[in-house]
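As written, the chain order gives the labels A, B, C and D, with residue 1 at the start of each chain.
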Amino acid sequence: MATATPTSTPTPQAPAVNRLNRQLPDYKGLPSTLCAGCGHDVITGQIARAYWESGVEPWSLAKLSGIGCSSKTTAYFLSKSHGFNAVHGRMAAIAAGVTAANRRLALIGVSGDGDTASIGFSHFLHTVRRNVRMVYVIENNGVYGLTKGQFSATADRGSVRKGGVDVNESYPIDCCALAIEMGCSFVARSFSGDTKQLLQLLKAAIAHPGMAVLDVVSPCITFNNHEGSTKSYKFAKAQEDPLHEIGFVPHFEPMLVDVDPGKTKVIDLPDGGKITLTKLATDYDPANRAGALNLLAQDKIERRFHTGLIYHNPSPSLSFIEQMGMVDEPLATLPQSSTRPGREVLEQVMESLS
Amino acid sequence: MATATPTSTPTPQAPAVNRLNRQLPDYKGLPSTLCAGCGHDVITGQIARAYWESGVEPWSLAKLSGIGCSSKTTAYFLSKSHGFNAVHGRMAAIAAGVTAANRRLALIGVSGDGDTASIGFSHFLHTVRRNVRMVYVIENNGVYGLTKGQFSATADRGSVRKGGVDVNESYPIDCCALAIEMGCSFVARSFSGDTKQLLQLLKAAIAHPGMAVLDVVSPCITFNNHEGSTKSYKFAKAQEDPLHEIGFVPHFEPMLVDVDPGKTKVIDLPDGGKITLTKLATDYDPANRAGALNLLAQDKIERRFHTGLIYHNPSPSLSFIEQMGMVDEPLATLPQSSTRPGREVLEQVMESLS
Amino acid sequence: MGTATEIAPSAAATYTGETIVNDLVIEVATSNGTGSQSANLVLMRSIFRMGVPVGAKNLFPSNIQGLPTWFTIRANGDGWIAKRVAPDVFIAMNEESVEDDLAKLRPGAVLLLRTALKGFLKRNDLIVYECPFDEMVKDVDVKLRKMVVNMAYVGVVGWLLNIEMEAIDAAIHKQFAAKAKAAEINVVCARKGWAWAAEHLRKKDPFLLRRLDKTKGKIIVEGNNATALGLTFGGCTFLAWYPITPSSTCAEALIDYLSEHRKDAATGKATFCAVQAEDELGAIGMVVGAGWVGARACTTTSGPGISLMSEIAGLSYFAEIPAVIVDVQRMGPSTGLPTRTCQGDMLKAYYLSHGDTKHILFIPKNPKEAFEMGSRLFDVAEHYQTLVFMMTDLDLGMNYWMSDRFEMPTHREDRGKVLTAADLDRLGQFARYKDVDGDGICYRTLPGTDHDLAAYFTRGTGHTERATYTEKPADWQRNMDRLARKFETVRRELPPPEEDLTGSPVGVIAYGTSDEAVAEARHLLRLEEGLETDYLRVLALPAHVRVKEFLSSHRVTYVVEQNRDAQMRAIFAAEFPESASRVRSVLHYSGDPIDARSVVEGIVKQEKR
Amino acid sequence: MGTATEIAPSAAATYTGETIVNDLVIEVATSNGTGSQSANLVLMRSIFRMGVPVGAKNLFPSNIQGLPTWFTIRANGDGWIAKRVAPDVFIAMNEESVEDDLAKLRPGAVLLLRTALKGFLKRNDLIVYECPFDEMVKDVDVKLRKMVVNMAYVGVVGWLLNIEMEAIDAAIHKQFAAKAKAAEINVVCARKGWAWAAEHLRKKDPFLLRRLDKTKGKIIVEGNNATALGLTFGGCTFLAWYPITPSSTCAEALIDYLSEHRKDAATGKATFCAVQAEDELGAIGMVVGAGWVGARACTTTSGPGISLMSEIAGLSYFAEIPAVIVDVQRMGPSTGLPTRTCQGDMLKAYYLSHGDTKHILFIPKNPKEAFEMGSRLFDVAEHYQTLVFMMTDLDLGMNYWMSDRFEMPTHREDRGKVLTAADLDRLGQFARYKDVDGDGICYRTLPGTDHDLAAYFTRGTGHTERATYTEKPADWQRNMDRLARKFETVRRELPPPEEDLTGSPVGVIAYGTSDEAVAEARHLLRLEEGLETDYLRVLALPAHVRVKEFLSSHRVTYVVEQNRDAQMRAIFAAEFPESASRVRSVLHYSGDPIDARSVVEGIVKQEKR
């Protein structure tokens, strides 16, 4: 049961079963083969929990990923969901096909900073542009973990590579800013070390009726956790600066506590769910696009690292599926009677060509 | 000779020869095979003129392009420069290799909105990120001209396709905003119908010591010049709203007229050239990154269309070549004595492996 | 609209010389973007309406407006309508190309020369009719003149060759079906041409057309349309594409057909989804995503596109995801010539991707087959859970072909081995990559299947029968062997080749659009050289065992291909090495469609060696 | 550091049973990310220091930490050091794999079993030494214990097999050259293992190592390093790459070598440029851009990468731009097994891209050749103005190989036919695609050449000799024919195959890393079956005419390949069809490197049929 108080939004006390009568283990996956302590594993845990708490049927979800340590994690949660660990960088494009084929499927995509910001950059941005309804998680560690620690395009300028010789000269890509620029209506940043926030953001993203991009700083213990890295656990822990305390109340649960409108902003989602944003140090309005871009620009300059719901468009544009004007029934299971025009149609076409 | 007056910056009276004693025809190319009236041809003319007026040796320039009507135009100017009409969407990546191989080469890349914002999107953005020194011209007509008029990713929402049936549902990509987001230090927008402005912008871009992105609205007469298009000549002509009157004084020419500092801002370039921006209706500061992004965001919402120098970073970061710490001599012509280490080096390596 | 009664009789009425009836090639040289395409189609269709078999090839430049374009029409009473070089009647309209054009004409050819170009005529071995086409239409509104001047040559050539004015009328109305006004003006101009010719010309050439009844029930259609129609009737539910000549019109026709004929009757909503992707990588990614979920998903592309799709093609093969690629081949390598035809992707598509990958290829010879195969592609892709190519080419895709009417598919769609929730209940278990039936084809479930057993994990890396990750050598090899077994199942089940056996020791093999030219070449070989040949046409790859038998039972087999590197022959050599030494090649790779004469010469030269 | 005098004598001192000297395979099962790699290399290098030929294969998982990994060392006095299956001595350290590991051992194998795992032992047909490795290092700082426990087994096995302690010491110091402290601790732990063994074990197995002098002057090196060194000495000036296993360490080694040895002496500035690209498309794009301008440009990749590079590979071929791709092959198709070896890209790389495209392939067998070929790649690419592949594989690239020392290249670099401004002055004209010398290779100018005649226009579409645009069929075909001619020039000039002819009617052909196993297999065939064989090793494609002659002069030729689809054989069949029927395949595609026994069995089985 979710609660929302004016001052804080505690993680709900986990019930033994969710609204589908399923237990948390129904949302787990195979044992992880990542390095002990990898940030990605923490995210995996929160994803499982978020779907459990959101009461999503595992079979109604598809898990998509590219290639990388991060992309492997789709095997480590929700074993009862179909998973597709595809090729490096193309997951976002694949997602568009998946949702088109069965509009009823819920979708989560897990990617890495290499997978998303380098090889898959164009697909990522175009999929944002299409507004494919999905939760898109970038497990951002500033390196290519699986290929042993090369800088990724999100590595900050001046970051030092493990071993201490190489310094990154390149301008870092901010996937949040880019997503906003491409019209994304739900853009969040989080940190694998802040599981409480991450869980709420994931649940809100699941409820979001469009593409939700979560850029989660997720330290690579093996290759990017040293002094001089701006994606190390220590650095992130020290620098993380939440914009607000975020809570989420799904549509099927009552909002238990009264909210102090001066301190907590409530965002109503189309499905009846609610996001609560409780003010911390300063006021932050995630509905202000320019403000969000400014924040991110300043963060880049000042090496700050804000987390929370960076941008949320309360009146998002049509999702990809909606734009397409398709029948309600999934295309995947349409019978021949719906997909083969009648003989008279062929006759008519033949006539026009004769 | 360039002049700059407080109120206007007229196109300089073309001398018969430039500072290299070359005439304009030395900067021309083969006859165009584009449709009569195509915006691209106008840009071609201004490119030739800009290099002529800038006194660049044709042989010291390389012309790069992808595939498309726009990309063909590299054959229509500067026949005495090496040209590379490569494959669709990869020109920006190729440019990085070209500049690395010969750091003394000046570079111009001509691309289309399809070539840049769809298939070549990631390369474009990563090349911006690398800050490859080049003039990057996007001949933006909102359609794929060469493949007969499909919408491109820069087509505005609600644009109508020729013939009148299809309406574009997709969120448009603004290459200027994206370039700024990726750290570009010279971002301009222009219109093929505004040759005066375009010429000055091109000359400034040539002098810019980093990547200069010019997004030039260039109507496709054949497929996107109808009612309902926001890239038609008529629409662009009516909607174009210059941010300032721009002038350019190359380093080898004196600044002839005094400038009214209240009205005209002068930007000093590292090579001694000067950009003059004379105020029009409202004040606009191209050095303000947030302001530039805001302008573009508002333009998108309000369907406005501002032209001029949208963003200019007076202290840009190192260019790609500078980051690479290479010798001054072009890599392409290094002799074997520079590129084959001595026998003792091999001995030493062998020793370490024994 | 005027009636035929006002019309002067054609040249045939008074001509008394030697005649060549219903056997000619007309070529028209114009400039693209001038509307000449309409006039040329009217010309083609007029002949078609006269019941005379007709074929047409359009040679156009890779730009949008203003460069030379040549349209060739072959009319042949015996039905030989493949490309034939050296036109009999040439209509010179375009100044830019006229010098070359005239130089290349065969001696004795008929030339209709636009008056403005008469200065370019330097030869006296042609039968020349100088025609002031521009003069003929000078009364027409100046804005339209550039377009309708083309209709004037239709009228002139109609009079000259005895094309019936009714047929021309009807063809014009067909061409401008939606635009009555335009139709009217064009009719007027065609008649002006006719009238001018009747008044000023005296026929000096032998070529005549006369009504036959050999086109009844036939249609005229571009292959890309036929493919699109096949995909529509084949149950396509998903298209992702990126524009590229010469495939774009296939995707566009598909979208048109789907939009018109595949809306739910009750709601008006679409039973399909069509997306213009950001590039070919995105397009094939979407297709594979959709195919994984169970959509009948395809993309259309050409050479550069298949190169870009290579990696994901391997994913489709290895993770066993149905997908369909229509490759409308253009002249490669590299960007190549987008407006020229080729069969240059055969080897490349067959083996597309790194590692040990192979794919199914269908190779239609004409629009009817493009339709029929097109309507089967999804069945095949879903049945074998793999990538299926349809290899057409620019010649088929973008030229207008006379064709038999397409027949309504009667087969039930084949969705392959898909387990539903009910199946899973019944079975109580599911192993995605287990070869239950011994044919190498396993069972799959679709994402979204309401059952806790349904889920499996798809990956392009090593997997066990239960779809879990493995790096064990034995697991890997077992899976690869099963995939090879599946491919042999495919080989057995794909359509057998088409054969025409005469008992000759000399075999000819061809595929796709070479068929017509090869048929004619065999006819010529018989007539001119007394050389009887056996013929086999490959309809699909992997090649059927009949190909092996054909190769091994002929002294020599000529494989006719429209590429430089004998790509199909390379595939045969790899798969049927025992006969490799008896195979020879006839290759055509100029970008023009292949013609019978080239085939004849290619064979005769080698037979004489 | 202690001296050898403190050391107890090895088992050999007191052992009196049957012996097998200098012929054994040791396999160590550990978990990756535990530092066992160092211990295994020390073991390998100790044997190497004893002058005994040694080979090693590391079988590691595609993750970073915590999964099973196996390291196999083969020591053989006769120099047979290819992979051999069924180890003689097995060191079981890893709980996760131990059950399988023990089950797979051959009867009579020697097992060093970590005490903690002794519960897993279910067999009694092994020679078992239970070893409390953890106990041996219990005094070491807890943080290091996981690492150095591996050094304990080095000590134990050293004592058991009579590896000299001096050799172990030296190997440890080599391994930890930069870290004296670590070296010290490791030495201590190895000695602890040795001492424990001396005290507690009694030798029950026959395997012994004894000093030889067969490794003098040799080195130990990974193929990727060798390639990188070759590229460095070959004058590489540009590298663009995208990380992918197993090629990443090649690019990284190249960057290291360049950074260290290719700085201008005066300025300290780099005579090269190395870029990590956004993806493989970007990488090959940059390479082609740099090659066009005249840099000696390369990229390194593996299967998925070459798929993505397909389109631009065709550009390089067709626009004739020098470029080099090092393909370190891994197990495909699709993402496949990144940490397993294969020769699965041969056919794919050879024909990479759509249309009629072909490329030059170099195929080194070992590090020395990787170095030598690597140092020639830019010469070849620039000479022929085209794309050149070097096809290595994971086995070569990432395993440690004993090798002869590399020799300083003495050839002058070949920049190909490049015209300078002075040349242009002299010639007064320039036509980029004119075959002046009749070898199909034309002259080029580099962008930036200070001359008004220098410029030409490069494109992937149709071009004339003067590099202007053309769509004319004859121009296209002429250019394609010239490219084919150029490829035949290449064929004549590439290094001929290596041959070992005995006059036998049975031929064997192999390439790349199969060489060692095939050499051993031929030896075994001779010994065990009395079957003499002729041998040909292909060093490069297009295949030399000697390959054709070899194929046609043998009753049967076995082509040994590490792929499923007999890819090299397919190329031979296409190019030498006259002998295709006499070729058979021996194929190995489990992901493990090929071993002699598999080759023997493959041949014997078919010879007996």
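Definition applied: contacts are C-beta pairs under 8 Å (C-beta built on N, C-alpha and C of every residue); 3 or more make two chains touch, one makes a residue touch a chain.
Note that the structure is predicted; figures quoted are calculated from it, not measured.
> Between A-C, B-D or B-C, which repeats the contact pattern of A-D in over half of its pairs?
Repeat interface, by the over-half criterion: B-C.
> Count the touching C-beta pairs: is A-C or B-C ahead?
Looking at contacts between chains, A-C has the larger number.
> Need the CA-centroid distance for the pair chain B / chain D, whole Å please.
For chain B versus chain D, the centre distance works out to 45 Å.
> Could you give the separation in Å between the centres of chain B and chain C, each centre being the mean of its C-alpha atoms?
Computed value for the inter-centroid distance: 40 Å.
> Let me have the rounded angstrom distance from the C-alpha centre of chain A over to the C-alpha centre of chain B, please.
The computed centroid separation for chain A versus chain B comes out at 35 Å.
> Check each residue of chain B and list the ones that touch at least two other chains.
87, 118-119, 121-122, 126, 130, 153
> Tell me, which residues of chain C touch at least two other chains?
As it turns out, chain C has residues touching two or more other chains at 61-62, 278-279, 304, 311, 315, 334-335, 459-461.
> Which chain A residues qualify as touching chain D in the complex?
Listed in rising order, the residues are 33-36, 67, 69, 72, 87-89, 118-119, 121, 144-148, 150-151, 153, 222-223.
> Over in the complex, which chain C residues touch chain D? Could you list them?
That would be residues 61-62, 303-304, 306-308, 310-311, 313-315, 317-319, 331-340, 342, 344-345, 347-348, 351, 353-358, 459-462, 471, 473-474, 476-477, 480-481, 484, 563-567, 569-570, 573-574, 577-581, 583, 589-592 of chain C.
> Quick check: in the complex, which residue numbers of chain B touch chain D?
Residue positions touching the partner: 30, 57-60, 62, 64, 74-75, 79-87, 90, 93-98, 100-102, 104-105, 122-123, 126, 130, 324-328, 330-334, 336, 338-341, 343, 345-346, 349-350, 353-354.
> Can you list the residues on chain D that touch chain B in the complex?
Contacts found on chain D: 217-221, 225, 229, 232-238, 240, 257, 261-262, 264, 267, 269-273, 275, 277-279, 281-283, 285-297, 311-312, 315, 405-406, 408-409, 412-413, 445-452, 454-461, 468-469.
> Which part of chain B faces chain A closely enough to touch in the complex?
118-119, 121-122, 125-126, 129-131, 153, 169-171, 173-174, 177-178, 181-183, 289-290, 293-294, 297, 317-318, 323
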